[in-house]
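These are the structures, in structure tokens.
Presented sequentially are two complexes of chain A, the first with chain B as partner and the second with chain C.
After this line comes the complex of A and B, so read on.
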């Protein structure tokens, strides 16, 4: 327990360090915030300076840095220029949308990935294995932005099964509770599916390889020699050992689902963390960019920690020290 | 067996769910957009799209028309000029109410003027209003007096630029706090034909009929959604599919491909904007007028328009677009003429002395090649293509041009620092003719004279024309000014893009007016078929 606490403590410091670097880097970059103001040829420099000072951007970088630290201490994480509210509120709202897409994607990509991987390992060398394995490789290789837009074209535009974008129907507020639930699932299907495709194929191929590795171990041969039933060997002795490395993969992929995907959120118009991050960067909303960096780096570090903890649970030989 | 069962249930549930989807009667229209609006507080918005939407929910004193000179009554029933023209008295309608039931009065306008000119708020468009309008005073609920500092042609236009906001709501928060306050974005109180029913950031805006609107005949379409889809391909697919009824700013290639569809039409109109190449005269290569003229002769703009823009643009000859009243019609675009360009370059001392195919010249005792870098912003696909076309054209003259693409904010930084050789960019023009911010000598240091152009005669003429009250005589000076710029070519004026909007046939096209003021110019008059 103490080890875990220590790790979380470290995680906080590490992500803070990362965002401090991002904070300073953003300000030395040769660019301007509120660049759209400069497009107005009639706007005087004076007016631009006034606008900047109202956001505190005219102060020296070091002063801005300390103001930012103060904001963090107050739990606001700074104040977003474009949304006119505390950064923490923006992140929280966006994180909810990201979760709605990310969690189902997480569940299906690992669930389906493991099932497919294991089945492929059992049918090693058969035509179906070769076919599905290569198909998985293709799925893993095609870029998400392409898959996403093809899905919209096929499932929404041609077949009309799913809505092409957004999280809710126009008449969401007039629906009954059950209809709302359904409407939500109906909307998140395509984005979740798109988001989970690459991880799913990665997990499936990973599981297949590891199951095969375990299958070739001597203790499996020993069990077979003892005359144990094939199914029993597979599910009791092979699977637990084969799935152990998946835990690492879980830790690695957690941020993919929880930190928001820029591509998927852009295609399907999901107001999540990825979209928020991109908007904040393009509009040079410094506090928001840094806030998101802080949050995302924390999630990444947390993902690692979770996979380490899971390891100790699944593999009694390993201890967190 | 088990797999089959699972599959069966999956298909069954899918069919069931698809079956119980309620088909909503479509008595509404959906406007698509890749971007969201900034705010419902008009004084905090920067984007044109935000203005398009806000003009549907807030009333101005008058309606500005496409010629930028005609104004028809809206909130003001009529207005009277004082004898010396330094004062206009506006008589407001007595039957306009805010959505919360409070009456819209002249006191709201008076307060709005205070907001517009407040230095703490630092409104984007405050400059002209602060400079030109002395005071706005409400005499009673319906009478408003506007005092000007001097007489000039755009007096109605300036006061009409002031957004009228509900004093009783906005007063609660001091001007200095506005930029940090999201308060105005929740349930905005408005007085236009539409009111805001919902705003889900990054998702949708719902506008519904304002029951309190003074003209009970409008709006004809009672419910309007703005659907925000950041991905352009997805947005276009939804328009082609009929999910979206209005698609602003369609790319020329999409419009060309789907022209003639029976489900939608494309509406085209000139945009008050132009694209140009700015030659930074701080670079000694471009300091010579002959070189700039040669480059203008050496770029095949007609081909750019035909191939890249599929004909959806007009040649530009001056900083005033061809539909603008101050435009000089006598100017003909620089023709594509390689021989003339080469001749001008050799007159300016550029020749290929070392035979490497690139022109050179001895400047300051050193031999320099005619090489430079053109910068533009990476997000703009059209500009990227145009840059490459220009690169090819100039190579035929023996001029080597590199292209450097920057992300928008970085691009702006380079322009503001005058840190470039040549820039491919565009201006959206203000509705008043004044070129001082672009080409005046005084604007080199701090304004938008990014190419550091300086011509004392131009300065003098521009200063006199900008304040001239008689538009007919002002036009004569503007014509001369444009001739000077045409001769000097501080920019190579490329083209004025044509804006293309898609509109579904569900909407009666004859009721729709789209123009350079807004693509939703008369949204409240649109009717469904």
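After this line comes the complex of A and C, so read on.
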């Protein structure tokens, strides 16, 4: 329990720290300050003061900082210049699209990664292990955006199997319920597959190494010496221990998924968080850019916290530390 | 193979590439010979450069030499020149085709690779430098300095890196290659700082440090002259991994449009330009993509710890 409390406290500290860093960035980097207001000859000094005070900029920096922290803690990330609605609303709309392609990618990359990794560990040293392991390293090194472009080129443009962009067909509203579901799956297949490739190979490589590590421990030797069946040792005694740390991978690879979703959404024109972030930067919509960064950071911290807590629950050894 | 030997091999390869990239590139990577006639040529296209005595050049797809004239065919026109004006005819081949501005893809990829590699390498050395300072401070002083520095490191590690880089890039007004390198370097030091600190804590309790202390060496000298070299060497193994990671980050940034701006090519912005006309010029993204993957693969391979 104490470990979990410590983790929660740590997560809160990290969120606080991240907000502080973003606040500092906004202060230090000149483009967001209102200094260019002074260049406008038609604005009187009083008008500028009024504008500044309406944004709370006339107060001391420290007060501004605590106001900023308070608003963020209450879920107020500011107001988007372009969309004319609260940043948090824009983020939630987009986050749904990101989840639609992110969740399938998450599930298949961890599922397939674990299966492949375990099988490779069982066949250690054989030709197939070497072949697949090198292939996984190659998959891990290929940039996601390039894979996405090649997939669009081959599967959408040349072969025509999948739609090149968007989340739904133009006649989506006329479809029956089943057709709608099929249409959605048809649209998310390529982006999800693209998004999951790099994490899949990373998970597989991790699981392989870790399973081998567990296999070399003395209790496995002991079980063998006792004459237990090889399969039984592997699936009953080795596997649970080997797969435990995969829980921590979830928190570790969340940033990879989020970074991947930026480029995947850009390539497949999916109105998700990544695309929103890019658009907001191009449109100089600072509140939105900053809001998305904070939101994404909090998600990553939350993901890490959850995987840490799960790990503490599953692995009693951690609790003793 | 040992990691150090792998890194040695990779560095020799990289340095020779950086040194000879300009020499290998067959064409100018930024200016086209003839923008109109050479645009969007598929791979393995052969063209002829007809050089005239007055210094002019004409690009032709075919030409016929007859008794008095040379007849040539360009993309949008035909023409002829008198034989006595002709200096020579050079045959050119675009192995990987040309882009829509008529520039050779191969030359751009070779040159762009130089930029991408340089960004990755310089930025990781900045990261190494900052990480070294933070790690040494935290490991050497310990106590409250260590706590504060490690907390700061944790905060920077908690950011999803791409988003942090995006925010800083978008908030900084002018964008140059130099500022990009600086931003990438200053946002990637955390792993190295942690590594150096851990090594420091480990080495601080070893016998040779105790021996030096008992002889009466000043502490700072022990830290910088005896512990630091032992801590840096294992940290160097992480450098190729960082270089690979930064090359990927740079290519993602350039792909989205916030990295190196055209006409200077990098692998990332070449793929980004290729995406705009994917259907008509499918050959543009192939080579840069293969080279990014290969480079990152080599870097990952160099850092891979033997089991």
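As a working rule, the second predicted complex is superposed on the first by the 240 of 321 C-alpha atoms of A that agree within 3 Å, B and C clash if a C-alpha of one lies under 4 Å from a C-alpha of the other, contacts with A are read in each partner's own complex, and residues count from 1 in each chain.
Please note the rule applied: contacts are C-beta pairs under 8 Å (C-beta built on N, C-alpha and C of every residue); 3 or more make two chains touch, one makes a residue touch a chain.
Because the structure is a prediction, the values reported are computed rather than measured.
Trainee: Counting only touches as set out at the top, which of chain B and chain C does A:12 meet: first, second, both, neither?
Mentor: Neither partner.
Trainee: A:297 contacts which: chain B (first), chain C (second), both, neither?
Mentor: second
Trainee: So, A:82: does it touch chain B (first), chain C (second), both, or neither?
Mentor: First partner only, chain B.
Trainee: For A:267, decide between first (touching chain B), second (touching chain C), both and neither.
Mentor: Both partners, chain B and chain C.
Trainee: Let me test your reading of the model: by the given contact rule, A:209 touches which partner, first (chain B), second (chain C), both or neither?
Mentor: Once the two structures are laid over each other on A, A:209 reaches chain C alone.
Trainee: Could you say whether A:50 touches chain B, chain C, both of them, or neither, answering first, second, both or neither?
Mentor: A:50 sits against chain B, while chain C stays out of touch.
Trainee: Give one of first, second, both or neither to describe whether A:25 is in contact with chain B, with chain C, with both, or with none.
Mentor: second
Trainee: Would you sort A:282 into first (chain B), second (chain C), both or neither based on which partner it touches?
Mentor: Both partners, chain B and chain C.
Trainee: Which partner chains sit in contact with A:252 here, chain B, chain C, both or neither? Use first/second/both/neither.
Mentor: Neither partner.
Trainee: Chain A residues touched by both chain B and chain C?
Mentor: Chain A residues touching both partners: 29-32, 149, 152-153, 157, 266-267, 282, 284.
Trainee: Under the definition above, what is the set of chain C residues touching chain A in their complex?
Mentor: Listed in rising order, the residues of chain C that touch chain A are 151-152, 154-156, 158-164, 166-173, 244, 248, 251-252, 255-258, 271, 274-275, 278-279, 282, 285, 288-289, 292-294, 296-297, 300-301, 304, 307.
Trainee: Mind listing the chain A positions that touch chain B in their complex?
Mentor: Chain A residues touching chain B: 29-45, 47, 50-51, 54-55, 79, 82-85, 93, 149, 152-153, 156-157, 161, 164-171, 179, 182, 185-186, 266-269, 271, 275, 282, 284.
Trainee: Of all residues in chain B, which touch chain A in the complex?
Mentor: So the residues of chain B in touch with chain A come to 14, 17-18, 20-22, 24, 28, 38-39, 44, 46-47, 119-120, 122, 124-128, 176, 179-182, 185, 200-204, 206, 225, 227-231, 233-234, 237-238, 240-241, 243, 407-410, 412-416, 427-428, 430, 434, 437-438, 446-448.
Trainee: Going by the contact rule set out above, which residues of chain A touch chain C in the complex?
Mentor: Within the complex, chain A contacts chain C at residues 10, 13-14, 17-18, 20-22, 25-26, 29-32, 137-138, 140-143, 145-146, 149-150, 152-153, 157, 209, 212, 254-255, 258-259, 262-263, 266-267, 277-278, 281-282, 284, 286, 289-290, 292-293, 296-297, 300-301, 304.
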